[in-house]
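Please find the structures below.
One chain, chain A, links the two complexes that follow: it is found with chain B in the first and with chain C in the second.
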Partner chain A sequence: MFNDKTAKFLLLAAIVICVGGAFAPNWIVNQFMFGFSRALAILGLMVLWRTGLVSFGHAFYFGLGAYAVAILDSEFGVSDVFLRLLAGAVVAGFAGFLIGFIMRNYRDIFFAMLNTAISMVLFGIVVKTESLGSTDGFAISMSTILGFAPETKYPMFVIIMLVGLTAALLVNFYLKTTFGKLTTAIRDNEIRVEYLGFSVAHAIHLKYTISTILAGGAGALMAMSLGQVDPESMINWTVSGELVFVTILAGPGNVIAPFIGSLVFEILRTYAFELAPQAWQLIMGATFLTIIFFLPGGIWSLIEKLGGKKNER
Partner chain B sequence: MNNKFIRGAVGFAAVSAITLSGGMAFAKDAISIAVPSFLTGGAAGPFGIPAMNGAKMVADAINAGKLPAPYNTKGFGGASATIIPLDEGGGATKQVAEYRNLVEKRNVDAIVGYISSGNCQALAPVAEELKQFTIFATCGTPRIFEEAARKYVFRTMGHATADNVAAAMYVKEKYPNLKGYTGINQNYAWGQDSWRDFDLTLKQIMPGSSPSDKTQFPKIFAGQYGSEISAMSLDKAELIHTSFWGGDLEAFIFQGNARGLFKKKIGVFTVGGTAAYRLGKKLPNGLVLGARGPYGILVRDRDSALNQWFVSTYKNLYGTYPSGPAYQYGQAILATKIAYDKAGSDASNEQLADALRGITFESFSTTVAMNLGNGHQAATENGYGITEYDSENGENVVKDVKFYPASCVLPPEGQNSVDWIKGGMKGAKC
Partner chain C sequence: MLGGSVVEAALTILLDGLQFSSYLFIVSAGLTIIFGVMKILNVAHGSFYAWGAYTAAFFIGKFSDMGLPDALGFLIIVAAAIVVGIILGFIIEQGILKYMYERDEVLIVLATFGLFLVLEDIILIAFGTDPYFAYQPMALLDAVELGGITRDVYGLTLIGVAAIVAVGCWWLLNKTKWGTLLKAVIFDREMGISMGINVPLVYTLTFIGGAILGGLGGAYIAPTISVSPGLGTEVIVLSFAVVVVGGMGSIAGAAIGSLIIGILRAIAVHELPQVELFVVFAVMAIVLVFRPEGLFAPAKPRKI
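Take a look at the complex of A and B:
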């Protein structure tokens, strides 16, 4: 599990970032927290994308994770960061497992739009329900860590880094197993995979569930780092679109890519907001087009080129 | 691996260097005021842009020392202010992230703005956590100061309870024989709160009238109201209350007009003021129109020097008369000047908050008393009028304008709005 280049790089990078975070100004710590929280969901979408599936509805699971944290906080007063994270991932993963029975039968645009439809149902319910905070959402209390309440953001930052690292290592490991290697095989030719003796439906169901667990975890971490949830920024279809945007920006080449892509997205948006408050979406859109035209493999393909070597898949 | 790692490290350092260079602090003979409002999306046209225009116009005049007396001193405590516009779109959570950037990365001195109640609700605790002097300009929800005591957050206009209590009082005065009323409000916090306040107040002051059992709550930004208009046309209730705003408001007016809805029913529009200048002849006659306080079309003819300056300067600069949001943002910027003048341009966030807490000041169109929410929430009068198209001048006007004092339409200090209305609005001085 730890003896390939990607794993070694991940470990090293995690150490560097954790140490660096102790000295970085607050806003940079924030950017990393938001960026790496979202990166978990991107990691899941990347697994789906490698299988040839794009979901335009993963904000459903992202939102479930976030709202699980919010409801645990407002109804039961649970503030422990690990309990909250677990709840977000489990709730989203369980929903994903159930919905997966339907989703595994669909491909292409049908898969994408069916996911959107389901996410918009949740959006509609939350917006109309006053006890779920309606459009205003909830504020979430600061997370505690095993009973102790941190004074600064740094402990939370380290936890997000560690969760990200663990998830990246696990997905990296998974992609190297036989079942994991089925991802690209399914994309290339489903019938052949069936003839090899594997069930495509089962494989897709598993990957779908993995992606929903990751999206739920991402939503939970995002809710905790921001201290606020609302349907517009957590469940709406625009959030699903944003997740797909970052997935394409990052590229499917490696499990490191989602983290870099997500961070770049966060910084890009901050500066677009700052430089062009009336036209920041234009900057985001132009970047997106540039990536599609010139870097169809995402930022990761650029890194591969700079590295001068073809990365092992 | 080594080669790659070094390249990676260089790249990381470069990104950090670029991002750091953006975060330099401002000097104190010049202050920076971040002004968030809707600059993109459906709320930009009717709300965000006029609001930003109002804020810029007032800030420029203050920098140049050109406001009428008593505000004709130059600058904010002598310092000249740079306005940093910011988009409020994208949801409350995104705004929390951007708010943190404003404080921790861009080091702004004051944050003045926000239209959406959801955003204000989400940002109030963040502002307190970061100890950042913040003035909410337009957002309406009463909960901000009713749920918790605030130290650094202010709001310089009345909250939504005043809009709906005043609407109910105006209805009682104008239509004393009203039997039934219904409402169409967006199905989210703002619409639900607005309807609740209006409904509860009418139940108190007009026990002879009763609400329809078919009040409409379409989805926010639905844009199509065909079935709701049919239902309300058939309803026996004679009056329709709505807190629609922005694009939804205009869509509802167009569609209702085409079906003759406003010929059959009395329309009460609590946020209708923004449509008065934008729709021209398409605005029906005889609507009960509010502007969320003494702003926009309701106060165009008030002849104080401050108001005359505001109206004529705005008309010269932007070609239209100022609507409510322009006034509200201008008022918040003016409050910022007053706080800086009192505390000095190098004042800390605590000193600025102390300077603004509990004061009463003369604004462009009205007197603002910061006497609710421990001196953090403003109380102003609130009023309504009835629309009429003036064909001679080709513009909309309002007649029968009536204002109710703040003490009549807002709960006394320390009381929750809903409880106050339910309890019979004790202590109201009308």
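Take a look at the complex of A and C:
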């Protein structure tokens, strides 16, 4: 699991970032926390994207994860970071596993649209339900870590990095297994995969469930980093669009890509918003179009080119 | 007396539902035509709608300030839809989509999402963040009493406009040479090309036509709402729901989808407001699960 270049790089990068984070100014710590929280969801979408599947509704799972944290907090007073993360990932993953039975038979725009529909159902419920916070959402209390309440953001920062590292290593490992390697094979030719004796439906179901667990975890981490949840920025279809945006921006080449992509997105958004508050979507949209047209492999393909393709996939 | 109020309530729901359906139909007809012919699920359609609404509201306000007669508002609505449709449709189709026809269907959806983001912000830059109110055409038409309830006439004309659009589309597709060409392209693009149909031109005109309908939906609804940022965001998912329910690429499907969703939503708004949004997308999800091609999808030719 640790003996390929990607895994070694990930371990090294995690150490460097964790040490660097102790000395970094607050705003950089924030960028990394938001960026790497979101990266978890991007990691899952990347697994789907490798199969050629794009979900315009993963905000459903992102939102489930975030709201699981919020409800645990407001109803049961659970503040432990690991319990919250676990709850978010389990709730979303379980929902994803069940919905996966249906989803695994869908491809292309039908897959995208069914995901949109389901996420908008949740949006519709949350927006109109007073006990779920309606359009205002909830504020979430500070997370505690195994019983002690941290004074600074740094411990939370380290936890997000470690969660990201673990997830990246696991997905990297998964992509090297036979089922993982089927990802691209299914995109290229489903019928041949079936002839090889594998069930495409099972493979897609597994990928879908993985992506929903990760999206749920991402939602939980994001809710804790932000300290609040609301439907407009957690469940609406534009959030799903944002997740897809970052996935394409990052590129499907390597499990490192989602982390770089999310960080670039976070920085791009912050600066675009500061430079031109009325035109930040324009900048994002134009970037997106540019990537689709000129850089189909995303930022990662750029890194590969610069590195002379030394990095393995 | 009680019976009377039940009838009135039912009539209100029916008229609200029909009005909402009509508005959904005008917007979704454009979306479904573009999908039917070009196989593009156009997220930027929500922007056509928003641009139509803003352009109409802006000029209705301007004309009113200049002291011109309010009746010109109707002319502005139609003109706004056509101008927005032609300009945006032409630029987007020729400037961007033309180069994407060979690419994956899903990538084209993503590209239109990028366009959606860009167009949303150009609206903010062009028109600012303050809402626009263009009530003049609505005030001009006043209200009538129908079976004991008062309705504004403007809202009722929306039903007429939708009927005109529906009949117009049907006539164009079934009674003109253009319609025959269009159906040939929908049926088999490559065969159409080999028969000498100018497919790129058909695509450009289809996209502009669809954009005009999107713009018309926005322009016609503008007098009844406050035209403010984020307008296109809700509309686009609603019209996705409509075309999915009816069957993507079918005008009749869009009509039936609009009716189902419009009336269901009107019932929800009046009887059970908590489920207003939920019900629309629940229907969309259920249709996708049990009949992914939609309730009235056009029969597909089998190809080898």
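In this section, the second predicted complex is superposed on the first by the 311 of 313 C-alpha atoms of A that agree within 3 Å, B and C clash if a C-alpha of one lies under 4 Å from a C-alpha of the other, contacts with A are read in each partner's own complex, and residues count from 1 in each chain.
Here is the rule we use: a residue touches a chain if its C-beta (ideal position, glycine included) is under 8 Å from a C-beta of that chain, and two chains touch if they have at least 3 such contacts.
Note that the coordinates shown come from a computational prediction; the quantities given were computed from them, not determined experimentally.
In the model built by aligning both structures on chain A, chain B clashes with chain C. Residue contacts after overlaying the shared chain place A:278 against chain B and chain C alike. Once the two complexes are overlaid on the shared chain, A:262 sits clear of chain B and of chain C alike.
In the superposed model, A:286 makes contact with chain C only, not with chain B.
After overlaying the two complexes on the shared chain, residue contacts for A:30 are found with chain B alone; chain C is out of touch.
In the superposed model, A:135 makes contact with chain B only, not with chain C. In the superposition on chain A, A:114 makes contact with chain C only, not with chain B.
After overlaying the two complexes on the shared chain, residue contacts for A:125 are found with chain C alone; chain B is out of touch.
Shared-chain residue A:143: touches no atom of chain B or chain C. When the two complexes are superposed via chain A, 223-231 is the only one of 223-231, 241-249, 277-285 or 295-303 in chain C with C-alpha atoms clashing against chain B. Comparing which residues of chain A touch chain B with which touch chain C, the overlap comprises 124, 127-128, 236, 278, 280-281. Those residues of chain A that touch chain B in the shared complex are 5, 8-9, 12-13, 25-28, 30-31, 34, 124, 127-128, 130, 134-137, 139, 222, 226-234, 236, 267, 270-271, 273-274, 277-278, 280-281, 303, 306-309. Remark: chain A residues 52, 54, 56, 102, 106, 108-110, 112-114, 116-118, 120-121, 123-125, 127-129, 236-238, 241, 244-245, 248, 278-282, 284-286, 288-289, 292-293 touch chain C in the complex. Chain contact summary for the complex, chain B toward chain A: residues 1, 3-5, 7-8, 15-16, 19-20, 22-23, 39-40, 85-87, 90-94, 96-98, 100-101, 104-106, 117-118, 121-122, 125-126, 141, 187-190, 192, 217, 219-220.
Taken in their complex, chain C has these residues touching chain A: 41, 96, 99, 104-107, 109-111, 113-122, 124-125, 129, 233, 237, 240-241, 244, 273-282, 284-285, 288-289, 292.
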